[in-house]
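Chain lettering (A, B, C and D) follows the sequence in which the chains are written, and residue indices restart at 1 in each chain.
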Amino acid sequence: MKKLINDPGDVVSEALRGMAAAHPDRLRVDVENRIVYRKDAPRPGKVGLISGGGSGHEPMHGGFVGLGMLDAACAGEVFTSPVPDQMMAATKAVDAGAGVLHIVKNYTGDVMNFEMAAELAAADAGTEVLSVVTNDDVAVQDSLYTAGRRGVGVTVLLEKIVGAAAEEGQPLAQVADLARRVNDNGRSMGMALTSCTVPAAGKPTFDLADNEMEVGIGIHGEPGRQRLPLAPAREIAAMLVDPVVSDLPYQQGDSVIAFVNGMGGTPLIELYLMYNEVAQLLDRAGITVARSLVGNYITSLEMAGCSVTLLKVDDDLVRLWDAPVNTPGLRWGA
Amino acid sequence: MKKLINDPGDVVSEALRGMAAAHPDRLRVDVENRIVYRKDAPRPGKVGLISGGGSGHEPMHGGFVGLGMLDAACAGEVFTSPVPDQMMAATKAVDAGAGVLHIVKNYTGDVMNFEMAAELAAADAGTEVLSVVTNDDVAVQDSLYTAGRRGVGVTVLLEKIVGAAAEEGQPLAQVADLARRVNDNGRSMGMALTSCTVPAAGKPTFDLADNEMEVGIGIHGEPGRQRLPLAPAREIAAMLVDPVVSDLPYQQGDSVIAFVNGMGGTPLIELYLMYNEVAQLLDRAGITVARSLVGNYITSLEMAGCSVTLLKVDDDLVRLWDAPVNTPGLRWGA
Amino acid sequence: MGVDSFVDWLRDAAGVLHENAAYLTELDSAIGDADHGANMDRGFQAIVAVLDESSFDSADELLKKAGMTLVSKVGGASGPLYGTFFLRFGTALAGADLSAEAIGRALHAGVEGVLARGKAELGDKTMYDAWAPALEAYDAAVAGGSEVGPALTAAAEAAAKGRDATVPLVARKGRASYLGERSAGHQDPGATSTTLILESAARTLT
Amino acid sequence: MGVDSFVDWLRDAAGVLHENAAYLTELDSAIGDADHGANMDRGFQAIVAVLDESSFDSADELLKKAGMTLVSKVGGASGPLYGTFFLRFGTALAGADLSAEAIGRALHAGVEGVLARGKAELGDKTMYDAWAPALEAYDAAVAGGSEVGPALTAAAEAAAKGRDATVPLVARKGRASYLGERSAGHQDPGATSTTLILESAARTLT
């Protein structure tokens, strides 16, 4: 296992210490409880936004804490959802009387832990907590025969857009509605060229031959839906864009935020190359790219690969997307 | 070779097309000549800042084009410096009468090509061109027996700081002096856990066993000064920080910008973990971190590894560092 | 059998899960995210730390504390599921004697907690595929007059069969369900850890 | 010998460099950045494209154009170095006959261009370590009465020896110098391409 780490058991807390040291101006990090707070949280009158999940997806979620995005993020072990205690502590800390929204990616563990936290928080302090679950991954059939679709790339876009709404003082119910609207209008699909290695496991989660790739992967190093022969970027782009477009479906004349995300081990030059392919496919389908995002935002440790996320937007969503944000992972207008 | 590419010969131009598509608001890309321009260049009265180099280091340099940083960046083939024609074209295009500064990393090829371009540009259009060469890599002895130290991480910090000075209207000579001052006060050292693969070569530049690392590498997939057994992050941090600190030397009471850079294939969680180690070492040495930067900024394709750069700063440099910047790769205050 | 037997169980289970951590993670690599071994190990080591520091007057207090510890320390799917199991198992034992029948009722309460949280059905390729036959075997053994020890041995044997029977199944719950047909041919990690915990119970709760 | 011979040379060299691109890149992987083969191939293919489109009245025009093409298309260290070589080689041939002596003077002018740009010294483990003995051998052959062809053959043989002699050297110029002592034991890519180009000249400039 080749990683810049010390003891595999210390990866998460040491990385959090590094975040704290690197961003003292914007973040306050409770290393013991593994919670990253916006430095000036709680913000009077503002709905508190909390997310969290396993570590290994950096910058998500801790890197999205700050003005115009999250108030707190709970970090679990690598690929393991955080525990209710963290979510409760974060919920209490960011509640300024306007209630708290939990942004949860749809994984059994995340959902169950956040559910327990919401139950406990409601019983305990009387904090009003709403939850929204993201489930945008079209690689998974949403049916009785699965745990439902995974929450992937849309989570990033949602945290930004909903963060802007909370920042401008929208009330909890409205913020939660917006979050659901964003989730409903977003779809994603990912692929991997290589596996990642969970530090505590010490070896790659799966083996891929030099001429193979996994299509329909999630963000936890889990194998995908299909193992296919390696293909040129142009074909890979189609394998990701086509199922996304036809699922919602996105139609001619639609406006979208187009997001090409790296899984952690793929360099930016390849992501821009992929974006070139994606933009051409959307152009041919008559779909307008209102805004774009290209980079490593929701990763799977050092996995090589990428995902494509589309979010159908109207003027209101674009306005919220463009609103100032100041987090370690996303920043503009501030 | 596992990459998200089509034909290896098209990687650079297709990635540039992707950049153009992703950042139409800020960039204008001459794909034919492989030049990334700030959309509103030339800026009347402003010194034009140009850099360039081989591709494969993204976001450097094209990702650093925009308000408060570069006016243009010339992209060469992967790891191959661009050619004088590109630099001349860029020089002419960004010259608004205040002259142009070439920011060149110290590699034989880069230096020779930029030299030819400066000669030709001066002869041709009468544009006043000054050059500054970055050479901050302490892994290389600066002596008659080498091509001199390589330009690495300091280049990023320099482009930001000098970009701010140019943006506020400082004249060419002063901007060039500032650039030399930044270079003189910066030092870097890098290491790799894995090799990268040049697309046209199709296989890794060097082989490393599972229990080995290269220390003292550059950013072109070249092997380093030493091959050593894999070590914990704590020891690696010391191997990078100690030679950097003792070279300038940085002393107790000094204020620095501390920059932990990923080589492209190392995920952010590890970079933050490394930053934690680096911050502790600096703290113990009595060196104050005025500002920090953690992420993939000057990369070597998909190489796993990192580099540490320190830049000694005074209030003036910190002010210029904090000034607004709006590029795809670095953005704040705008 | 008193509170000490349950302490023994938890310590023994912690040891077994620690030894099998790499194995459980390997199973989870094939159809999940390669953390089940680390998760179980972290949780049960935390229980051991609690046992080292505190003493418990009653089995129900002990087991509730174990459940809360799992909920607080594990995360993922297994944390709330095993946490809820031990919480409800302990709660059901409050004020009860530790007869085979009472323990059977508590096991049922625990597994109902697993179902309430996870909503799994038989054949979904989850830990429930080990719990369900284990409960049945336990009940049958007690109905046939067995004491706790032999009943738990029967339960553990049935759990092992249930665990083995997860191999050909296509997962319909949890992370493995994302794999669709590709999940067939692999043994469920959670059913494996459940079996280890029940085998440990059979060794210690006598 | 006229302009056609030089066209033949450039085409032949382009073919040889194309065939050896992977080899040159492999040499550059060991002590450089794995692009020398791609660089030379790209540059000479660009020359071939020029030759396919234009015709040239004189060798000097042809060679200057070749030099400019390399400067414009290659980049890296080898672009300016080989570009300057051909530019100065062509310039020196302007108005000259194509005698062995004139070609010798032009070769010297070209290599002086390489030195002016790269400031290499003998033994620095660069292409100059092939050029220098090649010039010497060429001069000696011409002094001994050889025609262009045999003199170039002698030059190519000397270049090959110079190339081989780079193996044990510690690099002091270019990218390989970063490796310090680790650069010893590897053949210099640029000295290798220089030798290929001179061997091609010996085959075609007769």
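Convention: a residue touches a chain if its C-beta (ideal position, glycine included) is under 8 Å from a C-beta of that chain, and two chains touch if they have at least 3 such contacts.
Predicted model only: the values in this text are computed from it and were never measured.
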Given chain B and chain D, the chains that contact each of them: none
Chain hops separating chain D from chain C, counting only touching neighbours: 3
Length of the line joining the C-alpha centres of chain B and chain C, rounded to whole Å: 54
Centre-of-Cα separation between chain C and chain A, whole angstrom: 32
Separation of mean Cα positions, chain B and chain A [Å, integer]: 29
Numbers and ranges of chain D residues touching at least 2 other chains: none
Residues of chain A whose C-beta touches two or more other chains: 78
Graph class of chain-chain contacts, one of line, ring, star, complete, other: line
Inter-chain touch pairs (all): A-B, A-C, B-D
Sites on chain B touched by chain D in the complex: 54, 76-85, 107-109, 112-113, 115-116, 139-141, 144-147, 150, 198, 200-201, 203, 205-206, 218, 220-223, 225
Sites on chain C touched by chain A in the complex: 22, 25-26, 29-35, 37-39, 42, 71-81, 117-118, 170, 172-175, 177-180, 182
Contacting residues of chain A [partner chain B, same complex]: 2-7, 11-12, 14-19, 21-23, 55-56, 58-59, 63, 78, 193-194, 210, 213, 230, 232-234, 236, 264-277, 279, 289, 292, 294, 296, 299, 301-302, 304-306, 326, 331-334
